[in-house]
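Down below are the structures I want you to see.
Both complexes below contain chain A, partnered by chain B and then by chain C.
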Partner chain A sequence: MTIVATMALARRALRNALRRPQFLAPLVIFPTFFLAVNVGGLSRSTNLPGFPQVHGFLDFQLAGAITQSLLLGGVSAGIAVALEIELGFFDRLVASPIPRISIVFGRLAAAAVIGAGQAVYFLILGLLFGAEVRSGIPGVIVVLAISMLAATGFGAAGVALGLWARNASIVQGVFPLAFVILFVSSAFFPRALLEQPAQGIARYNPLSYIADGMRHPIISDFAWTPALEGLLAAAAVTAMFVGLCVVALRGRLRNA
Partner chain B sequence: MRQSIAQVIAQAIVWRHMGAIDVEGLERRYKSGLQAVAGIDLQVAPGEVYGFLGPNGAGKTTTVRMLVTLLLPTGGRATVAGFDVATQPSEVRKRIGVALQEAALDQLMTGLELMELQATLHGIKTREVASRSLDLITRVGLLEAKDRRVGTYSGGMKRRLDLAMALIHRPEVLFLDEPTTGLDPVSRITLWGEIRRLRDEGTTVFLTTQYLEEADQLADRVGIISAGLLVAEGTPAALKAEVGLPHLDISLTTDADLTLARSVISPFGELRPPPDGVELSLAVREGPESIAPVVRALDDAGLQVAALELVEPTLDDVFVEKTGRHLEGQDTSESATDEPAQVS
Partner chain C sequence: MTQSFRTIRALTSRALNEVVRVPGAAIPGVLAPTIFMLGLSSVFGKTAHLPGFTADDFRTYIVPVGLLQGASFAGAATGVNLARDIEQGWFDRLILAPERRGVLLAGLVSSASLRSLVPGTFLLMIALILGVHAPSFLGLIITVILVMSLGAIMACWGTIVAMRFRTQQSAPLIQIVGFIAVLFTTAYAPFALLTPWLRLIAHLNPVTYVLEGVRQGFVGGVNWADTWPAFLATSVLLLLLGGLAVRSMRSYGR
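Showing the complex of A and B:
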């Protein structure tokens, strides 16, 4: 029953995401503008000593844009859950004879699929503007795998927050915090070139490993270590926030 | 708490011989200290329509939320379809249909999509999902609107869809929380027809309402809740007979002395709180025969009657008798706004 209910709720979440373009479009539009500004204004950064060998600055920035987009996806998942609570649909799901964790898993499965879509969008955008994926199909597969796993983790963070806050505005208010965490990672700039304390924080920031795990196959030949580090970081984020989701769901049901 | 299949089956057989809903000393106290439900006892027989009547904030919705396993009781116990709401919530959920206040529907989905989702979540076999969804959507008169998004439905259509969704798995007990609140009279009557049909089919219905007429029209028995306590229970006819007396509702001309009027009419019966728009209300033992003497006495005292109506006992009279207040259009001192946001 858990799988059937999870799949049904995932289908619903996906269909609703497509029917609410005002929620879906910002997930890619904002990072696209950010990518354009960065590439347009900072492309000579590649000449800095210590900057990795890249085909172009756009190639380097693609992983940052994907990570940023996935974070926005997490906020969006949290808003959707909070809206469901506010509008009472969550109660309908809770009153159904399904394992309640399916409500969370359905939303996260949808987040993973949307995450893959976000990664595909940025890869195609990059290819259209002259970037290349150095490690080819295996690299694309790694980018998609990390994207889906990270989207699940960020989605879980959003869902946990939505369950706790029960208010879409509060979830939306977390949006700037997600960006602060992103900027103290190596998502947009090589870790070695960051100033302290950002460099120190980036070293322990899982977003660094997620972004680097996706970046490496784009800018270099395929290597297992960064791919596995990226997958591991995304898995750790997912495990932590799914755990928080379970706690938040229990709290939500206990205090309903 | 996991149970063996045999235990669940045995319990399901046992409940046929007991109430569809059994409630003993049910309580709910919020962290804020607010006691929304203060110890309710009630029993609903299988196939019965039970009207749970009370003003906003009286504890109706909190009671329903506990019975449908959305809220844990803080005291007492309740079983629905033979299963305990606190310790066997999954078994309860399989056997109940729920249409909560405000028809919580996904506005982005079509009526048919929502029906099919509900069917899937209730474990209905894939090959039956489409046919059962269509049958029910036809039954509630939404066939033509089935492919429209719910956001475009009127309030009445949403309520009918909500009812259809609650019926998708043929529940043993159906909970309807204020199903007609906010509906226009035509939609209300349509929904009443559907509830009557369910009653005729033998479905147990627990219906909360703040409308006296609704309880009077639909319920086999009525429970009246006020400030979290069940203050009266019985068939509508028995409750009205308990109150017994018809009353005269009197309006006087604008400058009339109401104090004088009260003293003039009080020997003819018992003064009671007047309903909205009426100045005096007098319970009279003699019924229509008391009209002439009352009017004559007022006239003799120089007080002119602008309007007068003899009203037979209603459930509102029962409510006034039990609580000293009128039901419709008034909140209790325990305002709905005092309750946590999720309990409306």
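Showing the complex of A and C:
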């Protein structure tokens, strides 16, 4: 029953997202423009001492763009949940004879599928503009696996916030704050070249490992260590925020 | 005329009240530009060592970007709040009021202009504490005018989008335009260091001139050559987007 309801709600979330592409598009358009500005404005950064050997600055930035896009996907999932609460659909879901946890899991399953789509989009975009995936098909699989897992975790963070805030404006306000977490990670620049204290924080920021896990197969030959670190970091983020989702759902149901 | 001013004042007060009454929604918009300035300078700070960079340190170079982003967020927030008011039916009650729709727009725009100063002031205080070069008095006045103008411009854009989609889910669409407009400029590096395609876009993007108008107060000094293009750009954008926003408000519900 839980799986059937989860799949049905995931399909609904995906259909809603696809029916209104003007709201789905910013998830990729925004990081695309950020990627373009970073590459266009800072491409000479590869000349800095300590910058790793890369085919081009675009190759280096792709993982950052994917990570950023996935974070925005999490915010978007949170807004969708908050709107469902504001507009009363959530209460109808709660009143229906389905396992209540499927309300959360359905949204997260949709976030994972959208996350895979986001990663594919950026990989194709990169290839079109001259980037290359050095480790080939295994590298693409690693990027997709980390993306889907991380998208689930970020989606869970958004859903937990949406359940707690019950207000789309508040969840929307987190949109710029998603950058904070990115800025104190190695998503956009090599960790060794970050200024302090960002460099120190980046070491403990799971986003660094998620981004580096996706970046390594793009800029280098395949290696297990960064891939596993990326997967592990994404799994940890997912476990933590799914737990928070369950707590937030219980709180919401108590007040319903 | 007096009645119109009262309406503008009431709408402005209502919008400013929200900053206090719903701080959860307002605080991120206030903090974001500062976070962005600190974040960008932490991440890309070393690029100031590249030959051809025109500022001593990246943080001073990036502060004007944060100021314009604050204005952009404040203007966008006005559009998002308008979308919420439409969704919740409040705007339908508002347009029943015996007031011209241009005046209603003026209320929204003036509130956005004033709200633009909140993140800007916060960012400037933090930046000065961290040792960013203080602008001259004239540079500061120019900065305030340009920041408020960009907030108004973004409020007009937010109004156009809110009137078109009539849902808060259009928020990313409202915000993304401001974000892109501010970044596809000389935000990260001087013209000489940009790749040719971005250099071309930056030349064509009117916000580049607004940014350079603000930046002159922090890097170099105030000069006429950087000032007049900034004011021309804001005037043209205000006229264009203001006109479109008034048109979209007039066509609402008709």
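The working rule: the second predicted complex is superposed on the first by the 256 of 256 C-alpha atoms of A that agree within 3 Å, B and C clash if a C-alpha of one lies under 4 Å from a C-alpha of the other, contacts with A are read in each partner's own complex, and residues count from 1 in each chain.
The criterion applied here is as follows: a contact is a pair of C-beta atoms (placed from the backbone, for glycine too) under 8 Å apart; a residue touches a chain by one contact, two chains touch by 3 or more.
Here the structure is a predicted model, which is why all the values come from computation and not from measurement.
Participant: A:Val4 in the overlay: touching chain B, chain C, both, or neither? Say first, second, both or neither.
Facilitator: Only chain B; A:Val4 stays clear of chain C.
Participant: A:Phe183 contacts which: chain B (first), chain C (second), both, neither?
Facilitator: It touches chain C, and chain B stays clear.
Participant: Figure out whether A:Arg19 sits in contact with chain B (first) or chain C (second), or with both, or with neither.
Facilitator: first
Participant: Which of the two partners, first being chain B and second being chain C, lies in contact with A:Arg254: first, second, both, or neither?
Facilitator: Once the two structures are laid over each other on A, A:Arg254 reaches chain B alone.
Participant: More residues of chain A are touched by which partner: chain B or chain C?
Facilitator: With both complexes superposed on chain A, more residues of chain A are touched by C.
Participant: Please indicate which partner A:Ala95 is in contact with in the superposed arrangement: first for chain B, second for chain C, both, or neither.
Facilitator: In the superposed model, A:Ala95 contacts chain B only, not chain C.
Participant: What is the contact status of A:Leu128 with respect to chain B (first) and chain C (second): first, second, both, or neither?
Facilitator: neither
Participant: Overlap of the chain B and chain C footprints on chain A, residue-wise?
Facilitator: On chain A, the overlap between the chain B and chain C contacts is residues 20.
Participant: Spell out the part of chain A that touches chain B in their complex, as residue ranges.
Facilitator: 1, 4-5, 8-9, 12, 15-16, 19-20, 85, 87-89, 91-98, 166, 254-256
Participant: Quick one: which bits of chain A touch chain C in the complex? Just the residue numbers, please.
Facilitator: Listed in rising order, the residues of chain A that touch chain C are 20, 22-23, 26-27, 29-30, 33-34, 36-45, 47-48, 72, 76, 79-80, 83, 165, 167-170, 172-177, 179-180, 182-184, 188-189, 193-195, 197-198.
Participant: Show which residues of chain B lie in contact with chain A when the two form their complex.
Facilitator: Touch residues, chain B against chain A: 31, 65, 68-72, 90, 93-94, 96, 98, 100, 102, 104-109, 113, 117-118, 120-123, 149, 165, 341-342.
Participant: Quick check on the complex: what are the chain C residues that touch chain A?
Facilitator: These residues of chain C touch chain A: 22, 24-29, 31-32, 35-36, 38-47, 49-50, 73, 80-81, 84, 165, 168-173, 175-176, 179-180, 183-184, 187-189, 193-195, 197-198, 201.
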